[in-house]
């Protein structure tokens, strides 16, 4: 996890940086609203990346944001095993992510598939999700 | 109440604007973290000012922030009647704001007085507050 | 809508006030994190109540919070028509709220029913929701 | 301004709705983090739209989000007059928005132009902005 | 400390999970508003638990939330020593937590006791707190 | 990094503590809005300090805030090398921080200098910044 507190960069530029870091292969990028000294509303940038890619992401952050320092620390992760299954609804086919850990099993319709169908069929996204869930036993 | 959504101004500059608006006589100025389009973390600026001063504060906001528009709307307010009393503690004298509305009475030690005593006596701020509250019946 | 900015009341006390206002019949109560002058992290309290109850809620807010002023303004609302239907799942019966507006129809499993079943059957809340959604056509 | 408090819709679905409302012609769409009853982290959706389009946006919100009610209210706006000028930098041409109100004049490089050049030239966005600002007198 | 970023679970369900984790013995559970990719408002779940209970809480989070991964890391803590004293006010008895660390001593009225008296006596919570503080020397 | 979650201290007192910790030599102090149990809006205090000063800052936090515990953890940091250069604009001289890391070079006008000139010359802060940027090649 790499982090930087940003009080001298615009939100417009930060939105650009989020996309740039995702395109560069970050596992996750997120912003947290924070409050810094001198009454400054600010944003904490957090980037999850493999520790082998730390120097590369440090350079991306230093190059593309206003910060002059990046702090980092290693977190461990427990990740469920995943595979994908296809579910066919009356609106079309949707990939469902099946995640397992011990006896825990979770099925999540893929957002991108549902959003694509929602737009093609001009239906609310929630209606597509619900159609997928009804196909799961 | 005047408001503007700001996604193209730094937190550093916004902290400066908060002080500038308070110095110009705003009743209250506050920031709310918001999330705008294109993944932009942003800040909503809210300024409470008498409606007679609206044009003056509109110009201050347009001049000193990056926004090209200010929205505004009139809110009504119910304000308690206030007077001040002096309470003497072992650390020194503190003004207490007494606010009343019908049968509701609230006494609040003045922050500035407590903070000044805390620094002079090198005591935690909370200890000063508590000393004042103990003097209230 | 009634609002107050609170920088001199603890979160502990604000949690207490939220429940008190809901118990008093507020339609909705919510908190927004804001940033006030002098580097103060603060909370905006918002209360939705019928305009006929405004004076009553003003007094509750003045009595139970640290604010000395409440601002208010009337908002209009468009509300969907609602009725309830019962859906029977393998875990038990759940009320489903059916909301309609023109040709828009939405069905939402009642949170309280699902939560109760989740606890009785020792199942994840999401599993109960999904079982309800599968019963909807 | 139309608003709805959402505690029963996922962030994934809300990101989808933001884009949908912008595509439908909303002047601005933004999210504010709020805290609702029963320990629920929630999101306030705010949509700025011309009052003539209010019914259309009300229906979009009711159809595509989980809310069963939309509240609304008219805000006035003071908007600076705007025109565009082209500035040529060593990286390429950028449109600059010139906004005026009385004696107030602000020039802002267009984000989209700068972002496009930044990607084409593989330079930090801030470097492009700075190159544009240096061309302004 | 265990953490998960949640963009595909509703606030309603997250409120349920907070209570579930507290009931399971978490030392602390809190939510932070964050902003994730694709314009998604999201919530970071943080759980403080003894490191010996990490696997148990990992499973609770994986079972009851939508996340497919939990990250974790060990933090050290400095905790003040605590004991309780009883203070008698005109409204009734209240436990006061006395916390010490070196020469630092802090006394905090127990929230639950004060809230109970406030409801029994139909008094503002702040009035009960103040009555307790006046009994402390 | 030292952290504490605060739900029983006012924003007024927290603003005071931020200044106190900065005056005591903290590298950075910031607040994050969080949501704790029992519907409490709360604030996470984060303090960046050299690990050699950890005990001193732990005591400051325990003495001046309501928390009875402080958690801490070591983060590594990558910091750009910095030196200052003076830039002369038509409004006066401004220090510019030049930060370098490998082939990355960033120049940032010093906030304090720009703010001072903005007030002396009665110009918007952004106009001063822009004048400085125009002097950079």
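Worth a mention:
Order of writing sets the labels: A, B, C, D, E and F. Residues in every chain begin at 1.
As a convention for this text, contacts are C-beta pairs under 8 Å (C-beta built on N, C-alpha and C of every residue); 3 or more make two chains touch, one makes a residue touch a chain.
Only a predicted model underlies this, so the values are computations on that prediction, with no experimental measurement involved.
Chains touching both chain C and chain F: A, B, D, E. For chain C, the chain whose average C-alpha position is most distant is F.
Of the two chain pairs examined here, B-F and B-E, it is B-F that is joined by more C-beta pairs in contact.
With centres computed as the average of Cα coordinates, no chain lies farther from chain D than E. If you average the CA atoms of chain B and of chain C, the two centres end up 27 Å from each other. Residue positions 8-9, 12, 18-19, 31-33, 35-39, 41-42, 63, 66, 73, 106, 111, 126 of chain C each touch two or more of the other chains. The touch graph of the protein chains shown is complete. Those residues of chain A that touch chain F in the shared complex are 3, 5, 8, 32-37, 42, 44, 58-59, 62-63, 66, 68-73.
By the touch criterion given at the top, residues 9, 12-13, 16-17, 33, 63-64, 66, 111, 115, 118, 124-126, 129 of chain C touch chain E in their complex.
Against chain F, in their complex, chain E makes its touches with residues 1, 18, 22, 28-33, 46, 48, 73-80, 82, 97, 99, 101-102, 104, 106, 108, 111.
Partner chain C is touched in their complex by these residues of chain F: 6-12, 14-15, 18-19, 31, 33, 36, 38-43, 66. Across the complex, chain C is touched by residues 33, 35, 37-39, 41, 106, 126, 130, 133-134, 136 of chain A.
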